[in-house]
Each structure stands twice: as structure tokens, then as C-alpha cells.
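One chain, chain A, links the two complexes that follow: it is found with chain B in the first and with chain C in the second.
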Partner chain A sequence: MSQIFPKSANAWARFSLFGLLLLIALGGWSILLLQRSDFVTAARAHVQQPIQFSHLHHVGGEGFDCRYCHTSVEESAFANVPSTKICMNCHSQIWLESPYLEPVRESFKTGQSLEWIRVHDLPDFVYFNHSIHVNKGVGCETCHGRVDQMPAMQQVASLQMEWCLDCHRNPEQYLRPRAQVTAMGYVPEGDQLEIGRRLKQEYKVLDAQTLTSCSTCHR
Partner chain B sequence: MLVGLVMAGAACRQDMHDAPRFEPLEESDFFRDKRSARPLLEGTVARGHLRAEEAFYTGKVNNQPVVELPMPLTRDLLERGRERFNIYCSPCHGHTGEGQGMVVRRGFKQAASFHDPRLRGIAIGYFVDVMTNGFGQMPDYRTQVAPRDRWAIAAYIRALQLSRSATVDDVPGEERRKLETGGTPGASTSDEEGSTSHE
Partner chain C sequence: MLEKAKHADPPETRFIAPGHTFGSVTEKISSAVLTKRTPVSWFIGFAVGFALLQALALGVTWILVRGVGLWGLNQPVGWGFAIINFVWWIGIGHAGTLISAILLLLNQKWRMSISRAAEAMTIFAVMCAAMFPLFHTGRPWLAAYWLLPYPNTMSLWPNFRSPLVWDVFAVSTYFTVSLVFWYTGLIPDLASLRDRAKHRLLQIAYGVLSLGWRGSARDWQRYELASLLLAGLSTPLVLSVHTVVSFDFATSLIPGWHATIFPPYFVAGAIYAGFAMVLTLMIPLRRIYGFEDFVTMRHLENMAKVMLATGLIVFYGYQMEAFFAWYSANPYEWFMMKNRWTGPYAYLYWTLIFCNGVAPQALWFKKIRTTPLLLFGICMFVNVGMWIERFIIVPTSLSRDFMPSSWGIYHGTRWDWMVFVGTMGLFLTCFYLFIRVLPMLSIFEVRTLSTSAVAKEESGHA
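On to the complex of A and B.
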């Protein structure tokens, strides 16, 4: 009786074992990749807001400091969305006829809040505090990106834990002088690591062990 | 299978991501105005926050602007004032206080120049009063600038005004020597660079 499988089938069988391993590895790798992708983290997603507010125009064009509107960022865990009154500081006279601003005028007249859609939403089991970051020399730009170039606000970072830890392990990679915290397009005057190490000491930034302790962020 | 895994993953994420509590400014469907952050009733005073010192909080006593700064004038105070001025005042009044800020150039009513003789001679409390209550077309800044910062800004406005009539004799010895010898540009002007870097 003749053989069903030719002799080369032995080789194929061994190869396919490797193939299976490769397939499993590829599958695992693509899950890891997917987990970090913009699709899952919602980074760079377009968010439709009730008003087409442009940071590009207000920050990039007119040169407003972030703190003109986000007044609580230096003292509070939450960087507030400005009240309608703050919009009306200028828009009581500028772009008076603009239909884009109708919701702002309506809100100012009736006292009803504007319903902005939150772009950066950390999970509720993370305790994040804006003030400590800003006061220790973490720039707005470091996490929020070049807001002065964004016509519509979008999240640029993954906001995943490994992204937080990247800085919590080695904050000197990112620290900048306090006076430059709200600056956009900041370029360090010299070696970033050297400046970062000096600022870390000057601003009394805690050691990596404390900064990466579970209860620093999850409490 | 992959899709199933991702969906299962996504499902358990959201559950813990959105705990049943309100984040700041989150929408509430319980209150008619949809605010979970409840506005304070008028006249509410938090414990320890009674604003009894009239001069400090309003810039006025018996309806007259205060003449003296109610705190020691220090370099720190002036630097705080400069920082706050550049954030909150410069959009209209400009970084040098001439009233030609970006918002004015975009069509807002001409803002006052601090180098105007009327404002050069006015008591310092006047600026605090205007920041607190607004004046003419200028809205109030009471929610954006804290009371102590209003005084810091007022002090810095005074410094801006004085800078206009300053002479070489007002420059302290060390700095003056740098000026007279031509100096190294980086060393002698580093302070000015700090103040104009936002422009």
C-alpha cells in the first residue's frame, strides 16, 4: 500500500508548529497594539462641541494665557471650564452678530450653563490633581499638546497608565521652569535632562519610588 | 474572538471608569438647571472667609480709594503682579499698559492707558476697586483675580507708571555700570526678557 503522505509532510508538520506559535504571538501583539491605539484611547478623536471654540484662534492668534480662562488650574485639582461671564468679557463687544456665538449669548441671558463635552476624561479610580503638576513645573503642553495649534480641542496623549508612569519614573525628562508652564512651543535653554534634574531638586519633586507608589494616584 | 475580547474589555472598563459620583461640572439630571455643582445661596459666608477688612477686599474706605498698599511692598509681590497683569490685563491694556492690547486691536473699546495723567495720580485702591467691580466697558475680574493678586497687580501698574518717568539715575549701581559700559546684552537685559517673553 502506498503512503498517503509524502515524505516532505514531516517537514511541513514541523513548520506548521512554528507557524502556530507565530500566529499566537502575532495575535497577542496585535491585541497589545490595539489596546494602545487611538481607537481605544480616544486620542485624536474629533469631539463635537456646542460651540466651535478655537484654541488656535484664542491662544495661538490672540496670545491669551491658559489661565485667563482656566483660572483654577494653579489651586485646584480641576482646571475649570470658564464661566459664560468670562467669554462675555470680550464677546460683549466682539463678534456681537456672529451666529456661532448665539449659544454663549443665550447662556449669558438665561443663566443656563453651556454644555461642553469633556475631552480629557481620566478613569474615576485615578486621583489626578492639576495644581500639583502645574506648580512642580509640568507644562500644559506636556500633556495637552500644542493647544495653540488646535482649531478643535483634541486629546493627544493616550492618558494610559504607562504614559503617566513614563513621567512619574523620570520627571526630569519633562520639567520646565514655573514661569514657562503655560508657554506653548517651549524649547529648553540647554540640556533638558540637566535643567530637569535641577528643577526637580528646586521644586522638591518627590523620588520615583514615592511617585510610582500605587496610592499616589489610586486612593 | 478578537472582537469579543475587545468588547468584553471595553465593557468592564466603563463600569469602573465612571463611578457613580459627580466629577466637577458634570451634568446632573436631578436639578432643573442640570448643574451638579450647586451655586451658593446669596449671602453665604464659608467659615473663616468673612471679608471684613473693607480696605483689603474693596480697595476703598468710606467710598474713598485707599492710598496705601495694605501689605509690604516686596519684589515677590511685584513679580506676582507682573505675572497676573500679563495674564489678565494685557489682553486689553497691553503688556506696557498703554491700552493697545490684542483684544482692543480686534475691536474692543479703547482700554485706558495707565500712563494717562488721570491714572498716574490716582490712589492705588482705585485700581483694586475697578478690578473688583469693573468700570465703564471693563467687566469685573473678581472671579478671575483673587483679592491679594489685585493688590499685586495694582502695585505692578504703579511700577509700569514709574518706569515711564525713570531716568538713568534711578538705575541701581551694579545695573547702571552694565548699562554705561554697554554690557553684555544677555546679562543685563535678562530681566526684561523675562517680562516680555509672552508677547
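On to the complex of A and C.
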């Protein structure tokens, strides 16, 4: 009887055994990577806003404090998207003829709000409150990134639950003094973990068990 | 030599009909696969199975579209057909593992004629069982992160204290080990088919599947070692899988579920149901394919005896449930028992007692054990009885809650029945495909039972 398979079939069989294992491992690995990719989380995606507003110019260039526009960040769950009148504080005096600002003037005249597109959009089953974070020493930059370097606002973090839990389990990694909350490019004076532990105590940040309880965020 | 051998093998060491040689065994079993003429009964059986499989496809599709509310589940009965059918199917699988693992380690040679088909039955039964937990989740594509521990984006693990998670591990381990064991056992036979196949495509297909088996002494030595190791791995699974399944109930506080007797009683029930199913499959199969020489009366009788023994354990379990309910002096337990006897599902309870407790007593008689048709009838009672047993456990307790104000009644809807009957279609389809393309008895193992093997051994000893 003639041979069914050529001699090389042995090598192919061995190769395919390991190849299959490798393929399964790679497949699993790439699914885990894909789940965390910007493609899925929408991080670093470009969002088209009604106005070409630049945080780079206003925060980085002019040195505005975050709270000048996001007025309720220290007292409310919502940080606040500024009203047209806040824009007009300056823009009734400068850049009066700029075509970029036409929608702002239009909004001011008609009283119709500008419709900004929310960049950091958490799922509806998550309860999030800005004021508690800001008051416990979580910097704006910690979650929103270097806003002062962003011509157009982008989401930098994944906003996935593991990202939230990273801090809720060990807040001392990120806490900073309240006075520095809105600072961009903050560098801790000394060991972050040491400072973090001290601030955690000083600001009465709750223990990890409470912070990671289901109903802390899912109410 | 053969003449001498016929005298040389006394009936107690003979497991298959006398007069068979290595060649005749191989020819007989492999010709069922390599023949060009498929028996008409195969087409009929496959058509029935495949038609029922469409019921599964339809039922599952509609359940995915409309949700599991189509099943008759509501307060207070939140567990119904899905868990009943799951436990029923997974229990059936246990006979295959017992035959291939425990009987191998105990050196019971009669297992060789039935192990292949029984292992196939195990694998298909576990596949059918898996349908229910999978689709009762409603959105099975999300079930991975509900049940499997992997580094997910929520950085959360499943609740390891839940028996439902233990179930996932028990059943997936069981399926994997069973599949590997079955396939390992198939390799020498696949090589036989490769060598006997005439068609080029068949040669290649069986050649690839037989993984380069040459039948050398080294191949056999490794094969024996591997199958012993796998038997060792499977042996605890015979006990552990259904123990974990019983924990789904026993760790709860529902009267009728919260019982320490559950694990042994479930395991015995599983083996009982499994042997009934093996007999249900083997009795027609040996007749249609003319395998009476290999699956002899002795096999049927042995299996009937295992059924009788495990059936008595199960029946003892029913009686102990009643005894504990009375002896515990717990009003809820005692109410549960009286409710089983006289409540809305009493007709099912008494059917159960008849099917699982009374009918199998006929197996005490050798005449019945050795009459295939009667034995088949008893097995049918057990198949039905074991399903009713799970029905009695699940809705009888749930429908009579602690508070009479929340009492209710449960019946399967047509979607429940459609999916259940559909899994029978899945089972039949798989089983018919199996007997068509793979040797349904283990060729090389039955060869060792043949007269020429016995003669060889005799002459070797002499």
C-alpha cells in the first residue's frame, strides 16, 4: 500500500499542535487587548463640537482656572458646562468680529443654549459625583489629562470599571492637596504614596471596602 | 488452534460470542462505517433526530429574540425546565464515564464492548445539558464574564462562593476530560479505518484524525499509559460532577433541597439514569447492526444489575427524604413531604415512585434481564422516572413557598417543551452521525476479547 501522507506530514502535525495552542493564546490575548483599546473605549477620539473651542488656548495660553467656567465642580455632581454668558464676559470685549464666535453671539442674542457634545460620558448605571472627588483631592488632570495641551477636548482614560477601581482600591496613588486640584502638570513634592496616605487621612477618605462596595457607584 | 480455543475458554472468561478472530471483529465493526450501503433505519433515525433539532433551533432563536420569559418561569417558581433538563442530561452522561474510567481501573473486561458508544453518549449528553444553563442566561454572549474568571475590564471575579460557578467548572472539566478520553480511545481504531478505507478522501480524513498511529509497541505503550492516566483523572469526576450539581440545591435553604443526602443520592441517580440510557441505545443498536456477538446477553445483564443496584440506592434516597422530613420535626420539611404526596404534583410523585422504585424491581428476575425487549421497557420507565425526579425536586418545593400568600403553580410552556425535545434532536443527530462515521464499538478492545486473543494468551501461558 502506498503512503497516504508525505514524510513532511510529521513536521506539519507537530507544528500545527503548537501552532494551535499559540493561535488560541494569541486570540485570547488580542481579545483582551481589543476590549481595552481606544477603538472600544472611544478614548482619544475626535469629537466635533458646535464651536472650535480650544482648551489649549484658554487654559494653557491664558491660564484660566478650570472653575472659572466649570463653576459647580466643587458643590455638585455635575461640573457644569459654562453658559453663553460666561463666554460673553470676555467675548463682548474681544474678538468681536471673529467668525468662529458667531454661534456664541447668536446664542447670546436668541437665548438658545449652545449644544455641546459630552466627551466624558459615563454609562447611565454609574453614579458619579464631581464634588466628592474634587474635595477629597483628586485632581482634574488625574482623570481628564493635560487639558491645557488639548486644542480639542479628548477623553484620555478608558473610563472602564477597572480604571475606576484602580483608584478606589488605592486612592493614595493619586491624591493631591486640595489647593492643587485644578493645577495642570502637578508634580508631588516628595513621595506620592507618602503624601497620598497623609492626605487620605486628613481628608477622611473612606476605606477601600466602602469605596469598592457595589452600591457606592451603582445606586 | 481455534478448535482448541473454543474448548479452552470457559464461559466466565468469555465476553463475546465464541469463534471470533481479530480479522472478523475488525471486519464486522469497521464495515458498518466503511460500507457504501447505509441501512434504511439510519436514514429514518437521523431524519427524526434532525427534524427535532430544528425545534431546538427554532426554540432557541425565539428565546434569544423575545427573552426567557417565554419559559413558564415566574414568581415563586424561578427555576423550571432549564435546570430539570440540565440535571437530567448531565446525569445521563455519568454512565459513560463510569464505564470507561472506573470499570477500566477495576479491570472489568466486559466494558470494552460498550465503552465507545457510552462515552459518545456522555459527550452528546453533556452538550445537550449545556444548552440549558447557556440559554437560560438570556444573553449567552455575556455569560463569559458572568461565569469565567478572566482579567476583564471591570477587574471583577465571579462569585466563587456560588455553586453555580462551581457548576461551570465541574461541567466544563467533565466535558473536556470526557472528550479527550474518548478521542484517545479512538486513535487506534481511526488508524484501522485509515488502513481499510478505499477512497482517497477517507484515507486522508481518517489519516489526519489518527495522528500518525502506527501500532508499534511504543505507540501502544504510550496509549496504555495515557488511557490509565485519563481514567485516573475521570474517576473522581464520576463522583464530583453530580455532587456539585446537587450543591446547586443542597446549599440553599428551600425545604426539600437543603439535605445532606443530596450528593450521594444524585450520583447514584446519575449512574442509574446513565445505564438506562446506555441500554436504551445499545439494545436497538446491537439488533440493527447485528452486534449481538459483541454486545452479548452478558453485557445487558451486567448493565441491568448495575441499574438495579443504583436504583435501590435512589429508592432508598426517596424513603430517607420522607423519613428525615418526619424525624426532623421541622414543620416546613414535613409540609414539603406531605405536599409531594398529596399536593398539586402528587400524580407526578407517585409516577416517579412507580417508574424509579417499583418497575425496576422486575430486574431481580434473570428472565427479564435477558429479554432485551422487556429490559428496554424497564429502561424507558427509568428514563422517564429520572426526569420526573428532577421535576419533583424543583417546582414542588418552589411552588409552595414559606408564605402561603406567595404560592403558585408551574407548568412548562410550549417553548419549554420545544427546547427540551429539541435537545433530544441534538442528541440523536450527533449520535447518528457518530455511528455512521466512527466505529461504534472499540475495534481493538473487542479484538482482545475474541477467541483468538484468548487462545493466544492460553498458548503464551503454556
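Assume the second predicted complex is superposed on the first by the 210 of 219 C-alpha atoms of A that agree within 3 Å, B and C clash if a C-alpha of one lies under 4 Å from a C-alpha of the other, contacts with A are read in each partner's own complex, and residues count from 1 in each chain.
Simple rule for what comes next: contacts are C-beta pairs under 8 Å (C-beta built on N, C-alpha and C of every residue); 3 or more make two chains touch, one makes a residue touch a chain.
Here the structure is a predicted model, which is why all the values come from computation and not from measurement.
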item: Chain B versus chain C as contact partner of A:89, first or second or both or neither; value: first
item: Dominant contact partner of chain A by residue count, chain C or chain B; value: B
item: First, second, both or neither for A:71, with chain B first and chain C second; value: first
item: Touching partner for A:187 - first (chain B), second (chain C), both, neither; value: neither
item: Which superposed partner A:113 touches (first chain B, second chain C, both, neither); value: first
item: Chain A positions touched by chain B in one structure and by chain C in the second; value: 35
item: Chain A to chain C touching residues, read off their complex; value: 1, 4-5, 9-10, 13, 32, 35-36, 158, 160-162, 165-166
item: Parts of chain A lying in touch with chain B, wherever the complex brings them together; value: 27, 30-31, 34-35, 40, 62-65, 67-68, 71, 77-78, 80-81, 83, 85-86, 88-90, 92-94, 111-113, 115, 121, 123-125, 179, 183
item: Residues of chain B defined as touching chain A within the complex; value: 2, 5-6, 9-10, 13, 16-19, 21, 23-25, 27, 33-35, 83, 86-88, 91, 102-103, 106-109, 137, 139, 143-144, 194, 197-199
item: Chain C residues touching chain A - in the complex, by the definition given at the top; value: 150-156, 194-195, 203-204, 207, 211-212
